[in-house]
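A short write-up of the structure that comes next.
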Amino acid sequence: MSQSKLSELTWREVRRSGEDGIALLPIGSQEQHAAHLPMGTDTLLVEEVVERALDLLAREAHHPEVVLLPALPFGHSPHHLFAAAVSLSAATLSAVLDDILDSLVTSGHRRILIVNGHGGNDEIMRLAVKRFALRSEATVAACSYWTLTSAGHEVGRPDVTPGHAGWFETSLMLAARPDLVRTPVHARTPVEPPPLFDNPPYPGLTVERHGEWARVGGSTDDPSTADAASGGQLLDDRAQGLARAIAAFDAATQ
Amino acid sequence: MSQSKLSELTWREVRRSGEDGIALLPIGSQEQHAAHLPMGTDTLLVEEVVERALDLLAREAHHPEVVLLPALPFGHSPHHLFAAAVSLSAATLSAVLDDILDSLVTSGHRRILIVNGHGGNDEIMRLAVKRFALRSEATVAACSYWTLTSAGHEVGRPDVTPGHAGWFETSLMLAARPDLVRTPVHARTPVEPPPLFDNPPYPGLTVERHGEWARVGGSTDDPSTADAASGGQLLDDRAQGLARAIAAFDAATQ
Amino acid sequence: MSQSKLSELTWREVRRSGEDGIALLPIGSQEQHAAHLPMGTDTLLVEEVVERALDLLAREAHHPEVVLLPALPFGHSPHHLFAAAVSLSAATLSAVLDDILDSLVTSGHRRILIVNGHGGNDEIMRLAVKRFALRSEATVAACSYWTLTSAGHEVGRPDVTPGHAGWFETSLMLAARPDLVRTPVHARTPVEPPPLFDNPPYPGLTVERHGEWARVGGSTDDPSTADAASGGQLLDDRAQGLARAIAAFDAATQ
Amino acid sequence: MSQSKLSELTWREVRRSGEDGIALLPIGSQEQHAAHLPMGTDTLLVEEVVERALDLLAREAHHPEVVLLPALPFGHSPHHLFAAAVSLSAATLSAVLDDILDSLVTSGHRRILIVNGHGGNDEIMRLAVKRFALRSEATVAACSYWTLTSAGHEVGRPDVTPGHAGWFETSLMLAARPDLVRTPVHARTPVEPPPLFDNPPYPGLTVERHGEWARVGGSTDDPSTADAASGGQLLDDRAQGLARAIAAFDAATQ
Amino acid sequence: MSQSKLSELTWREVRRSGEDGIALLPIGSQEQHAAHLPMGTDTLLVEEVVERALDLLAREAHHPEVVLLPALPFGHSPHHLFAAAVSLSAATLSAVLDDILDSLVTSGHRRILIVNGHGGNDEIMRLAVKRFALRSEATVAACSYWTLTSAGHEVGRPDVTPGHAGWFETSLMLAARPDLVRTPVHARTPVEPPPLFDNPPYPGLTVERHGEWARVGGSTDDPSTADAASGGQLLDDRAQGLARAIAAFDAATQ
Amino acid sequence: MSQSKLSELTWREVRRSGEDGIALLPIGSQEQHAAHLPMGTDTLLVEEVVERALDLLAREAHHPEVVLLPALPFGHSPHHLFAAAVSLSAATLSAVLDDILDSLVTSGHRRILIVNGHGGNDEIMRLAVKRFALRSEATVAACSYWTLTSAGHEVGRPDVTPGHAGWFETSLMLAARPDLVRTPVHARTPVEPPPLFDNPPYPGLTVERHGEWARVGGSTDDPSTADAASGGQLLDDRAQGLARAIAAFDAATQ
């Protein structure tokens, strides 16, 4: 079998898989997702996309060998602690990623892919990937699941993708884990002005204001129009995108 | 329901559960377990014991509310990197535990229990627990699953409990996840002298010698006599012990 | 005068400026820029854009008070050390930004803008900005100078903007500091395959491969077609963009 | 002479001693020991036991060469700062032990023994020992003096050994340094419930509650029945245990 | 040309200059300098002295090749934050110096000189220099500009040299940057007792008392008698001293 | 009694002594001192000077209360590891001093004096003292024992004071611990050029060259002319200086 879970392999199988395989690490978060979505939303969704992508790959005649690591269920979410979160600091998450990447190389792997489910992990993941490639003779790729699409660019509603606990994530959860969505999903009262972190005053500018997440109630856009059908299409599209990205990464780094 | 998974709760439910509930964090490892057991053995076993213990508690008329966190699937395993492991350094694992404990308190919890599945995590967990109780007005407990028994003391084979990839862990895996045990389990060739870390030259002395794990081939005792029946009894006994410990912790810290 | 240099102010003037003013910190780098551009290219260009932007603002009737800090002349450039660089580690640059931001707040400022001239600083700057807004009752903005345009989106050659030591940076230097460009600028021999960090195998994927900067000779695209006229237009356009962004930041955070 | 103090040796003698000798580092603490024992109790007692053990060894025909380092007089005692202590943080003590162990190896030693006098140092010492053996081609042992007995197991009063400022430590101090014990030693008023750190609600569980040391008045059990005769026997027994442990360590690591 | 600015060199020129040249790094500060001097006084003065010294060297027939780095405009000034400063912590400044020194060696330099303009940087600079020479096969020198005189010892007013925002620095600024001195410079009201950090109770003792800089108003001695003529002579004398020191360093480390 | 050892006090006595007393911490080193002096020379000498100074103070009618801490026997000696040393890194020693100073304040002290016996500790001690006074409402003094003289300035042989393992230290050891000096003390072969760290090429310049301590054989000047009589006078003079410095510190910080 060319797709496997690292936690179920013996160490000799890990060593063998490292010769040609790609080690895949999903990372998520545990953080407030408004009144209707569960704390583990980001972790659940990234695991869902990865599982679907690996299923798609498995159906192809020739496909890369992938060794799936257990997802890191905790991410960098200090901005959600005003409500509830289990958050690793940036320094801690950086160290975790460094240690995992170094362990994989020491254990024989030379191609690694991190798939991220939480926006707050993004810069930390990118820095970890750059650091790693400087110190190790290996190649490492990274992405956030929502940036990979079958078309190579967003075709749904880019204005609210991925957002936080809004139309996009709620649709995906209605498709993937409807049992965990508290329904009916109530409409979000508009907040004025909208949060600066999501609506910078000038294109290309990043702005962070103290207390902004609490002021806007913990979400970025209205989830009440989300639907499971859209969510299913979005999930399949991301899975397609991830499957193609894995194949392309494999081809480019033989 | 008084037992729940944190990843499936909304943040308001997490806040409510923190008032009287106990947050339970399992921690495991991904590391070589000889030729016959999988890398995730410690994580799988601690999750199995926790699940059985929570099931036992759920059957009782009065029982504490427990909120189960996702298991931390990676532990401190630098001594297994000679073969294969995904290991966090002591500093990293310490930081992860600090961040998780602090997050839980910030999110409203005041009673926390860590249940450990890997010997190499033990001192790091103990130090984290002590640090935490000094800086936070909270109470935190910690244990390794194999130290909790229904009788309050070991009744099986204390000479090889827990060991590493030997009789104890192999028996438990034959009971919990027989599909992941590569059979037949071959007898372990005796190593002379036996590893100093497991056989100190004088009682009460700890001795660590460079290269010892590689020298002895990565396990502590012969797994070939392990059996599923013993494993099932041992698992049930640990689950009983953990259930009683949770109830006692609850009673002592109301 | 409503625009001033922090290094030329007395401490009482700094305190007064902090009440309504915006503190602006440029950050650059010292790193190889191929055979024709100097080590300080990124620092020189960010200082040039900032100076032009402040000149534009100064001509307007109503404009925000800006206090310009000395540029940090060193950035995060470990990937250029194969040739030559004076590089701060990610941890060091993070600490420098933390210390500067904290100092400004302690000295009375509550609105701060970082303008970056080097791609390698980007994630570190973003993380510093997010950390800062969580711990301080202040608002902080950040941008890389090439992302701010008068139109709000790129109109020149987005395929090679900003690149490294290629058409974009060479054009800007030919306009800003032609004395420092070694001419004639020779055409860059194409490298096959092009660098993975600049040409990911699938859209949305980040890939870092060991030794890639050395393999491709330290630049991303052909600088030989660069010209001063384009460079002057690009500089003016960025200065326009930055001036508008400062005004918009001022308006949004009164 | 085959037993010597490192502080009295020249560097060439240190180098020579490293070839076959065992470097021995005592570590203690400065912390409150109730109303009747001095701050340095743990340091004084570990030094006493080490001195007696080395005297015992010196009388034997064949005995290992031991180089005694100056005792580290400060340990990890944050839990005693509510009264008085000179405490190193866990990170600091870890760094001190790392630096001492690395220095000894760099100076030519390859066998090292740490003898501890303070419970709070235990996990930190164990982690330091494990880290060290992974990075250096050396062997290192560690123990707390009260765990080494001539019989190989406790024969006195295990229920209150070692405790803190109770029967055990008071008896030892009455034997070793009676001039420093404030007499009469008053009986300790029972505290209900007893401290959770010393009386876990279930066997095998570790529990730490905020403020517990202050609540119970800084000691674990009644010191008023302590006597010098028992203390002398206990000291001799530990010295015997340590002497045998040193000989066994020497034999196992030739 | 044998004197050059690193920021204006291409990387190949940096590599070539490293073979025989001396890399020179000025470090300064941004901190309160009483009511009459600007925040950047220390940086401006060290840059002035370095520029004059390099001019002097350039007139000599045979002189060492010097590559001037951009000045680090920020230093360690936590004691001035009561008024205003942009301060790096000791740990941060240490890391910055380590990174710069390591980068220079990696980029081919083997002789480096740090010239300091701020007393608070002194110990940090010295430690960085010592650390560096232990880990790298290179030679590094360091000085504070006021300690280098043409005579080899102070001939002006050693009692108030360098002081802080007093006679010495004010005289130098009146000579170097009179436009930045707020005149008339008012006499400083004597403070009793004078600050302990500048007036230790016994020769050879260092004393630091909490709040001392705020108590004495941020300066050490009366600046009102400062004059530009003395300042010019002092500057020239320091420049002479630095030029001779550079030549001597060059000769001693060929 | 107004002079006491912290290790012999109960915690309540420590608390009381903190109200008016001065806590005194000696710090030393364990490092090579050429062929004739022991590793612990710096620690032994600083303890000797402190003991003599406290004896002198005790004879005076009115004298400050001093609480003597156990000496820290290890210092910062990485430059001596080429031969033999037990060295703490600069970061570790900094942390140790921070922890000790913080512990003393938490335990009730507000006036602290560090007396140093090893040149390599100097900058680290100064930085620790400055940091401490910024964060704590306390006063702290520091000195190296050789800088305190009865006359307030050096009257012996300043050219070789203190040096390392040369005339000064050897004389003191011949007076204080002649049993530990290996005699006859052989003359030191002159080294050309003399070590740069002790003989800078220009006054006021600090120069550190890789491998310099090994090149010059581990000492700074000829010890063969040292004599016990001079050593005794030097020791008494330093003790006088320290006693006066303590009294002056006491008077200045009532």
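To keep things simple, chains are lettered A, B, C, D, E and F as they appear, and every chain counts its residues starting from 1.
Note that in this section a contact is a pair of C-beta atoms (placed from the backbone, for glycine too) under 8 Å apart; a residue touches a chain by one contact, two chains touch by 3 or more.
Predicted model, so just to flag it, every value in this text is computed and none were measured.
Colleague: Using the touch definition from the top, how many steps at minimum link chain B to chain C?
Modeller: When the steps are counted carefully, the minimum from chain B to chain C is 2.
Colleague: How big is the rotation relating chain A to chain C when the fit is done on Cα atoms? Please round to the nearest 5 degrees.
Modeller: 180
Colleague: Copies chain C and chain E touch; is their interface built from the same residue numbers (over half shared) or different ones?
Modeller: same
Colleague: Specify the chain most distant from chain A by Cα centroid.
Modeller: F
Colleague: Relative to chain D, which chain's C-alpha centre is the most remote?
Modeller: If we average the C-alpha coordinates per chain, C ends up farthest from chain D.
Colleague: How many angstrom between the C-alpha centroids of chain D and chain B?
Modeller: 29
Colleague: Could you tell me the distance, in whole angstrom, between the mean C-alpha positions of chain A and chain E?
Modeller: Going by mean C-alpha positions, chain A sits 49 Å from chain E.
Colleague: Follow the ring of contacts from chain C, passing to chain E on the first step, and record the chains in turn.
Modeller: Following the ring from chain C in the direction of chain E gives C, E, F, D, B, A.
Colleague: Touching chain C in the complex: which residues of chain E?
Modeller: Residue positions touching the partner: 5-12, 14-15, 30-40, 43-44, 69-74, 80-81, 83-89, 91-92, 95-96, 98-100, 103-104, 106-108, 180, 182, 218.
Colleague: In their complex, what parts of chain F are in touch with chain E?
Modeller: 78-79, 90, 123-124, 126-127, 129-134, 136-144, 147-149, 152-153, 193, 196, 200-212, 241, 244-245, 248-249, 251-253
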